[in-house]
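Sharing a structure, written as structure tokens. Questions coming.
When the chains are written out, they are named A, B, C and D in that same order, and each has its own residue count from 1.
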Amino acid sequence: MIDWPGPVLLYPFGGVFLFALGLYAAIVRRHLVQKVLGLNVMGSGVFMVLLSLAARGQATDPVAQALTLTGIVVAASATAFALALAVRLKRVSGATELDAPAGDDDDPARER
Amino acid sequence: MIADLLTVVLVVAGLAFFAAGTVGVLRFPDVYTRLHALTKADNLGLGLVIAGLLFQADGATGVLGLLLVWALVLASGTVVAHLIAQRTRTHGAFESADREPATRDPEEGGG
Amino acid sequence: MSLFLAAAATFLLFTVLLGLVRVLRGPGSGDRMLAAQLFGTAGVAIVLLLGFALDAPALIDVGLVFALLSAVAAVAFVRQQRLPEPGDGGAGEGERGPTMREGSDDR
Amino acid sequence: MSAVLFVFDVMLLVGIGGVAWHCLTSTDLFRAVVLFIALGLLLSMAWVRLEAPDIALAEAAIGAGVTGALLLITLERLKHLEALSPTGRDPEHSTGSSAGRALLSGVVIALVGALGLLLIRALLAQPGQAGLQPLVDAQMHRSGVDNPVTGVLLNFRAYDTFLELAVIVLALLGAWSLGRHESVPARPVPGPMLPGILRFLTPVAIVTGVYLLWAGTHGPGGAFQAGAVLAAAGILIVLGRPRRLPIAPDQPLRLGLVAGVALFLGVGVHGLLFGPGFMGYVEPWAYWLILAIEVAATLSIALALVALFIGGRPHEEDR
């Protein structure tokens, strides 16, 4: 089906870019939902690297595809759990980020 | 040969509707007119593309699958456009999910 | 033939990426959502065109799932509520059942 | 042909990179979520290009459908809690000292960039052949199915899939341990259109899910894709309820949630006692055992994803 080595050449680097971008966002962004989005993008980068490595030869490697498939479903359920944690944190402490002093009066809100 | 020609004509017509729809979504002034452009791309654009592909499909399953996709997009696309319009009318166009409506809490309005 | 179909898919991808500008600009949430809807429909067309271009008939199933599930996010979107107005807060709470009352009792 | 596909690939990758960038740097959370949904669709196209229709199906169902709806509803829940007690607010504006933030950003960019370069170097050193494909191909006739991905998932590497089902149940247990569920905060758009479309879409989604489950033994599809599509149908039902969530009967719900893991474990032990070993199948039955496990796994995955969408543990326990 592939008559040129294109995906093999291009997609792994796209995957590395996604991984790095997601890692950056997961570290730097402070809102928990944004961190979760960053982790998801990181995961997508990993999947892209795996799948493009699987697509190298004449036929695709089903082992890597199976790994990715389980990975996608696990990522979805982990995302759901993380979001449930974020909602719970919001309910208990009123915060949507980790490093804010939870429910404290020293909230940045006072600075404004 | 005739089938191939028909495919080309229909798919090109579909692409034209998609292009027009995209231009409309980009250029029209408000949600309602943009929805108008979107539904053209949804119904006619995809419809013509699928009509073109029907001539390339082999076997009844391929044809049925394509028609089912078309029916799904027709139904859900139309209703979704309607729902977005209705929501915009009742909730206002500029409410964004992570911002508080300015009327409710003035302190939050700037966020 | 497959060359033409691949070119058509590429053209559609181009229009889709242009349409993403509307998601970026907004301004309203309805604008972003409708651009995503256009994205979903064009995505169906791209996948179908690619399926015939690459001679992979299984991609019709992918198109089917695209068509089916692009509606789910939109339905979730229109189900979103506005914040309860200060005036009708009581009615809103009652409407949402016991869990939310529990939530406000927590604090 | 190849030149056109090259243009397609380049545009797709530029699109994916750009959408991911804007998604992760956006300060407007709603915009970020819509961009994330668009990213799921683009990734699905990328998986099509990488000859992985199985993954494209799962990504379309999960990335665009389940996760998208979940993120939208989570934003709504956070906003609702914000309205209940407006204490912690406007997280994106609480940036602390801007010089410190800039320094942190710079350091993280440098580290992430270095990591990226390392990864690219490692990728370039990879040998150019398709890993384990010949091995799978040689053993395929013994797996009981025709789709190699399903064969790997449910036969050759059944252990992974078994533990993966356990992880999903674990995630759900974690979510349930956080307390009662947050009701889906929603006031639907009035009028007959929303119930009407749900009445149309839900059965089609269920039929599609069952079809994908059946298709999985010989073509793209299988338990995960079917579970995701069925979960989308369940989410549609949850969203379609005008006021309250349906309260699921407790025992059947729990049984359904562990059905996949339990049946998998049972068949695995059966293989240990009577067959080739733990998680092995007695060969003439392989097809039927795999089909049974897939049905149970589909049920479990769909129920778990819907339960995760709803949030905490069901009501009845609190009574």
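One rule holds in what follows: a residue touches a chain if its C-beta (ideal position, glycine included) is under 8 Å from a C-beta of that chain, and two chains touch if they have at least 3 such contacts.
The structure presented is a predicted model; accordingly, all values stated were derived computationally and were not measured.
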Of B-C and B-D, whichever chain pair has more C-beta contact pairs: B-C
Per Cα centroids, the chain farthest from subunit D: B
Between subunit C and subunit A, distance of the C-alpha-averaged centres to the nearest whole Å: 20
Rounded Å distance between subunit A and subunit B, as computed from the means of their C-alpha atoms: 28
Centre-to-centre distance between subunit C and subunit B (centres being mean Cα positions), rounded to whole Å: 10
Between subunit B and subunit D, centroid-to-centroid distance (C-alpha), Å: 25
Of all residues in subunit B, the ones touching two or more other chains: 72, 76, 79-80, 83, 86-87, 96-97, 100, 104
Of all residues in subunit A, the ones touching two or more other chains: 1, 91
Two or more partner chains touched - positions in subunit C: 16, 26, 29, 33, 35, 56, 61, 64, 68, 70-71, 75, 77-78, 80, 82-83, 103
Complex contacts: residues of subunit C adjacent to subunit D: 2-3, 6-7, 9-10, 13-14, 16-17, 20, 23-24, 26, 29, 32-33, 35-36, 39-40, 43, 46-47, 50-51, 56, 58-59, 61-62, 64-66, 68-73, 75-84, 92, 95-97, 99-100, 102-104, 107
Subunit D residues within the subunit A interface of the complex: 1-2, 5-6, 9-10, 13, 16-17, 20-21, 23-25, 29, 32-33, 36, 39, 43, 46-47, 49-52, 54-55, 58-59, 62-63, 66-67, 70-71, 74-75, 77-78, 81-82, 85, 87-96, 104-105, 108-109, 112-113, 115-116, 119-120, 123, 126, 128-133, 136-137, 148-149, 151-153, 156-157, 160-161, 164, 167-168, 171-172, 174-175, 178-179, 182, 222, 224, 227-228, 301, 304-305, 308-309, 311-312
Subunit B - residues contacting subunit D, complex: 72, 75-76, 79-80, 82-83, 86-87, 90, 96-100, 104-105, 108, 111
Complex contacts: residues of subunit C adjacent to subunit B: 1, 4-5, 8, 11-12, 15-16, 18-19, 21-22, 26-31, 33-35, 37-38, 41-42, 44-45, 48-49, 52, 57, 60-61, 63-64, 67-68, 70-71, 74-75, 77-78, 80, 82-83, 85-86
Residues of subunit D touching subunit C in the complex: 1, 4-5, 7-8, 11-12, 14-15, 18-19, 22, 28, 30-31, 34-35, 37-38, 41, 44-45, 48-49, 53, 56-57, 60-61, 64-66, 68-69, 72-73, 76, 79-81, 83-85, 180-189, 194, 197-198, 201, 204-205, 208, 212, 215, 219-221, 225, 229, 232, 235-236, 239-240, 243-245
